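We just call them A, B, C, D, E, F, G and H in the order they show up, numbering each chain from 1.
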Amino acid sequence: MHLAPHSKLVMIGDSVTDCGRARPVGEGLFGAIGTGYVSYVDALLASAYPERAIRVVNMGTSGHTVLDLQARWQTDVMDLRPDWLAIMIGINDVWRQFDLPRQPECHVPLDTYAETLEALVVRTQPVVAGLVLMTPFFIEPNPADAMRARMDAYGAAVHAIAAQCGLPCVDTQAAFDAVLNHIPSAAIAWDRVHPNHLGHMVLARAFLQAVDFAWAAQPAAA
Amino acid sequence: MHLAPHSKLVMIGDSVTDCGRARPVGEGLFGAIGTGYVSYVDALLASAYPERAIRVVNMGTSGHTVLDLQARWQTDVMDLRPDWLAIMIGINDVWRQFDLPRQPECHVPLDTYAETLEALVVRTQPVVAGLVLMTPFFIEPNPADAMRARMDAYGAAVHAIAAQCGLPCVDTQAAFDAVLNHIPSAAIAWDRVHPNHLGHMVLARAFLQAVDFAWAAQPAAA
Amino acid sequence: MHLAPHSKLVMIGDSVTDCGRARPVGEGLFGAIGTGYVSYVDALLASAYPERAIRVVNMGTSGHTVLDLQARWQTDVMDLRPDWLAIMIGINDVWRQFDLPRQPECHVPLDTYAETLEALVVRTQPVVAGLVLMTPFFIEPNPADAMRARMDAYGAAVHAIAAQCGLPCVDTQAAFDAVLNHIPSAAIAWDRVHPNHLGHMVLARAFLQAVDFAWAAQPAAA
Amino acid sequence: MHLAPHSKLVMIGDSVTDCGRARPVGEGLFGAIGTGYVSYVDALLASAYPERAIRVVNMGTSGHTVLDLQARWQTDVMDLRPDWLAIMIGINDVWRQFDLPRQPECHVPLDTYAETLEALVVRTQPVVAGLVLMTPFFIEPNPADAMRARMDAYGAAVHAIAAQCGLPCVDTQAAFDAVLNHIPSAAIAWDRVHPNHLGHMVLARAFLQAVDFAWAAQPAAA
Amino acid sequence: MHLAPHSKLVMIGDSVTDCGRARPVGEGLFGAIGTGYVSYVDALLASAYPERAIRVVNMGTSGHTVLDLQARWQTDVMDLRPDWLAIMIGINDVWRQFDLPRQPECHVPLDTYAETLEALVVRTQPVVAGLVLMTPFFIEPNPADAMRARMDAYGAAVHAIAAQCGLPCVDTQAAFDAVLNHIPSAAIAWDRVHPNHLGHMVLARAFLQAVDFAWAAQPAAA
Amino acid sequence: MHLAPHSKLVMIGDSVTDCGRARPVGEGLFGAIGTGYVSYVDALLASAYPERAIRVVNMGTSGHTVLDLQARWQTDVMDLRPDWLAIMIGINDVWRQFDLPRQPECHVPLDTYAETLEALVVRTQPVVAGLVLMTPFFIEPNPADAMRARMDAYGAAVHAIAAQCGLPCVDTQAAFDAVLNHIPSAAIAWDRVHPNHLGHMVLARAFLQAVDFAWAAQPAAA
Amino acid sequence: MHLAPHSKLVMIGDSVTDCGRARPVGEGLFGAIGTGYVSYVDALLASAYPERAIRVVNMGTSGHTVLDLQARWQTDVMDLRPDWLAIMIGINDVWRQFDLPRQPECHVPLDTYAETLEALVVRTQPVVAGLVLMTPFFIEPNPADAMRARMDAYGAAVHAIAAQCGLPCVDTQAAFDAVLNHIPSAAIAWDRVHPNHLGHMVLARAFLQAVDFAWAAQPAAA
Amino acid sequence: MHLAPHSKLVMIGDSVTDCGRARPVGEGLFGAIGTGYVSYVDALLASAYPERAIRVVNMGTSGHTVLDLQARWQTDVMDLRPDWLAIMIGINDVWRQFDLPRQPECHVPLDTYAETLEALVVRTQPVVAGLVLMTPFFIEPNPADAMRARMDAYGAAVHAIAAQCGLPCVDTQAAFDAVLNHIPSAAIAWDRVHPNHLGHMVLARAFLQAVDFAWAAQPAAA
């Protein structure tokens, strides 16, 4: 498993990441980490590798686009001095184009998205031990669906940035697609965006696979 | 993995199982399954084996002892016609001896506990495909601690019943002990009973190991 | 316009109809009629044809299927002695097959749906002046989408019953499809089921067209 | 219909306009547009002319008089750069004279009202494609009623400004009067000011008639 | 002043009487008497005639018509064994004809009103020391207003019953009319029915005048 | 009656005056005047002398002593430009000596009280048409009670200031004493400070007597 | 100290006893014992004599008189099988005579009080090991105060019953009087009935003195 | 008893001290002192020594460590000019090492703790009449428990500072240990930190013993 003992992993994103995390920093007592995939990642790391004492910090904020992330990058990423960083952003960048089609000022076009995300990656890669990019997703099995197609384009941009920078890229859309072969999207999220526990576990598993998490790991002997 | 496609798994217990599940039956939309280990089991089964379409039903009730389970066994277990049943009970049977020491009418002595649990097992085993017993636990590393020692005795009774009936037994105490070698109990549960997400994942992992869950399983191709 | 002066129009259905109506009867002061298409129908009828003094009663109940309607038909339809009745049901009959795929007891299969709806129609047609059937809908433009296709099948059953009984049938799906040519479904309903004000007006317009509502009607001179 | 594709229509006024709109701008998801006539206008435009993609923005604020509008005109009208603007103000200017008769500092006299409104119109007309004035109203059929007579005087001032500036003027009082021939005012608003859904539809219809809305329009083919 | 020492005065009516009184009986500690004219009557009697120790009991219920009073007359009047009884009912009997004109089952026609009220009076007069009838009212100065005219007809019925039975009749409409010469109705009640403190004091003064309350009375020396 | 038409009467004091008045100024719609004696004074003036159109403004603040009044005198009295002013203060000045005996910094000694009150009177008398001083009170019949005796001393200071400045002084203690001959203090206020409706009417009557209110006055003919 | 190891002490009374205890029985986790003197008695017994493991059960109910106690005596005392019983009742029996003087049906006269209390004592004394009577009290230092005098008469009845039955009697009035020499009643209870923490400790100390509690006792060595 | 008449005793600490005290200063009406041991100390001092009129002020703040105390020492201790000061701090300094083991920035190491506490003592001792140090505690009987052992080390530091400065030191751990011989820790605090009423009385008794409180003291004759 790639994360070294005592690593600090910050996961940043939108409402799928947020899930009620504490402010200003999503780490600590009383469910500060929120109730979504970040808490599953933390719980799986801690229960399988308790001896590594990895810190997981949730910095997701509901409604955010890549532009919102850019605006809070210094305080919410750099100042926290993470060892590892995971970024999953883009759903709202796309969704606003479909749920607020008359309000273009709320849309983040693909080129803006890609440039901004790349700039954040370039700025951060030198100071972290690991950086994991996660594509945005839409829990819709039909690739010809207009919003799914648009989301796939944004996901492709994430893949491109990852490839260019030599970073691992978690294809969350592919992870959902595999499950959607057997489970209707409505059983994971009525709105195809905010997953229930099943969908959050899909995300957690996809991320952990990218860092070579050994599912069957058992706590080291004391 | 032992659970056949379309199996219905009922998990019954106390507040550790309950975690805010819906009434009268903890299955369905809107977080009906609660937020504890049962939801993790459901999410792990569904994300790794979506093609099996296993139903997971949470029938935990906060504060319950084995006597409370007995009182609602017909409606809450038998009438639901489970294929698989998991039982984790006994924490309150023991805890009341320590937090309400002056109120013996709230205590369930060991013999009563064992007899009642055995009767429930004997009554149910013939009508289910699988029955998994889970020991109660106390998130306290010191086996000489008075309440831990008492809980271990109740756990031993569970092991004995399982052995006698030829049933798998999940040693939740052992699962916690392995983690407690590296993580203080206070980081899992201030009261050593109601775990946070880390502790619930310990329970989910212990249960799934007992049914030969393959952690790295990926959804079957459609 | 087909509804005679002083007609009483009861509209029954599920959550799309309900929209917070009063209990036990959705008619009267303080928003008793709810905030959805039924209130729009009432407001359009009253503002364009105030001299007709048509009563509109909302008897929708969130979550209901045709079986739930059947169970409350005597009290919620027959006892109210409507002159006109509108029925829009079926969304939950289909939706549960997709959002609770593992719980077949929550599903209403197509034949059960059609038979039950037909029986209600047959029972009621003789005692009302007008009966309007409305298809269920799914605010999804892709007819090959699994749930859309299923919903279309249920809608076809409504058309068949209407044809057989010589009743008007409001094709709500067609009404939405016309709008979906220009507006993404996400701008009407994140979950493609519970519409915002735009979608409710689509429904109100579709219903009123079926009763020959003259949009430009002006109140008669006193 | 007068509003060109992609027009932005801002509707400003008092509590009759406000109806719970979002702050600071009444446009967007989650019912941001409020629940009154503005939402009906939006819904009717979108369902009949979805291909025009007209934006409707609610900038009403409860309790406001024309002086309050003046104070927030820059931020709440000019900065939004509307293509079309609708103004309905004056009810509170009059009402305070009757419900707080002892507090003259809360009253807006007729000349102040007319001058202020005219100044706002003059300031705005050059920068919008369309400007619609709507009279204030009092849902009281007796023109000799003291408050109705006063409101009529304020309405006459609106007509005069519209005539002078060559603007369309929606006579909301006349629209209500036509309905009041058949429906008692108590059935629309106990206080004769804040209408229920019937009254809001009267307002929406009156406004849309002024912009040549074709009630029977159907969405253009895609 | 007509009420003898230790008299028990029950005042029954609708929401104007109710004003948040306690259930089942509106007498006692913690504002049990409500906040309307009944509390003013109680306070004026107690502060001017404390030595008489008169009990005042509020039995108003919001929304009630004379038919509702009839239904609870045994428990809410007879069983309380009042010495004096005041009845003010009829506003809802009339109002529903205007605010729910399409729902005739909610209306109490004049003849039903008069017969029912008379029957209650005849039933009760023999067992009380004093019975005061109070007309219903509508805080509208125009006698030609449709609802005011209807209310006046109901008030005339009250006068007729009082005359026939030889009972005092409080003309609340006349009391309001005198004030409406100087204060707009909107300054007393936006809906012309539920008065603020000014209107409740008008009612209290009108009632007390009917029982020869001496306003300037001072507590007797001890 | 001393208050000329269109007079503005400000009543300032502590919680007995406050009674939930609006902020920052206790005048206007929606019960802004609070629910205590100030609202009774307003209601009695308006119902008996509606043609005078007297404004009554409640500026009481719970917990305040004369020092708190001094601190807000400019904004809460002078800036409001009252024609008449009534001051009832001192209960908290005394009470804190008894309910917080160990916290002398919360006490206002008699000399401080008298000097401060006198300074406020001297400052204000020149700019108002009428100024009414009201003594503080303690609803306790026993003049030898320690707190009653202390309160009487503060009341005597009010009398002295009134005499010196030639102002009317309302002896609220005497008004309560007259009633306490017949009604136990517990029936007016459990804490002997915060009166129920009976006690507030005692205060209203005492104040109105001081301004020659004619209880039996009837509204002037229009 | 008189209470033997493992004794069960039930304390019954009114709101002074109740203080938010749990229902139906005031014993157990989560503050079930309430926050008043009963909890202090429990805490002092447990901290000074932990080895005795005495159970303390709070059965007070707000507002109750001795007649209310009589009505629930079987379930709330006898069925609990106490070893020791403490009764403090009578405050409401007296208070209602003063705060609801016009409602004699709420009063419990002295003879009724004494007879009822005596009957309860006679019924219970044979089945308990210890029975402690506690007088009612009024936190008013003046014995000539009307309510204090009345309360003293009820307290004298308690003393008489205790003397007659050979039972210890806690003179709570005397305990308060000793403190009232130094602390004003307002610093203990604004209403002279519901004490703050100081007053509850006065009650706890008075009770414990009656059972020979040794304040300086230290837990026995294990 | 060491505290002289009219002494002001400030007790500062963490959540065990806080218990819902008022802000900014925990002294005064309406339970301002909180519901924990500080209120017991106040109640015992006032009921046994009412003639001393000792002020007790609660300045505990939940979650605080010695570093937090240092940050607010000027406003929360020095500015209050206490005669006596009690300090009980250190639980959070230790607890965070166990419940947030991955977040070292939340831990206060022993040397920092000791130095900071000593500095506060040195700063304050010259200006108070009495200063009482209280050790932190962990309600766990096993001295080998990791967190108990750590807490004991912090307690030893308190003892050392007290010895060095010649101050009394309350060994709260020893006080709990004596009780834990007979009562399980679960019956005092599920989390072994936040005690119920039993545990708070243990603390109050331990503190009062240190100031030679005479438990059986009776109020001085007036």
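Just so we're on the same page, a contact is a pair of C-beta atoms (placed from the backbone, for glycine too) under 8 Å apart; a residue touches a chain by one contact, two chains touch by 3 or more.
Since this is a predicted model, take the numbers as computed values, not measurements.
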| item | value |
| --- | --- |
| Interface numbering overlap (same over half, different under half) for subunit A and subunit H | different |
| Pair exhibiting more inter-chain C-beta contacts, B-H or B-G | B-H |
| Copies subunit C and subunit E - rotation angle from C-alpha fit, nearest 5 degrees | 90 |
| Whole-Å separation of chain centres (CA-atom averages), subunit A against subunit B | 31 |
| Computed distance of Cα centres, subunit F from subunit C, in Å | 62 |
| Whole-Å separation of chain centres (CA-atom averages), subunit B against subunit E | 64 |
| Distance between the centres, which are taken as Cα means, of subunit G and subunit F, whole angstrom | 40 |
| Shared-contact residues (touching 2 or more other chains) in subunit B | 53, 99-102, 183 |
| Listing of all chain pairs that touch each other, if any do | A-B, A-C, A-D, A-H, B-C, B-G, B-H, C-D, C-E, D-E, D-F, E-F, E-G, F-G, F-H, G-H |
| Subunit C to subunit A touching residues, read off their complex | 95, 98-102, 142, 144-147, 183-187, 190-191, 193 |
| In the complex with subunit B, residue positions of subunit G that touch it | 6, 27-29, 53-55 |
| Residue ranges of subunit D in contact with subunit F within the complex | 99-103, 106 |
| Touch list for subunit F against partner subunit E, complex | 31, 33, 35, 39-40, 42-44, 46-48, 50-51, 53, 178-179, 181-183, 196-198, 200-202, 205, 215-216, 218-222 |
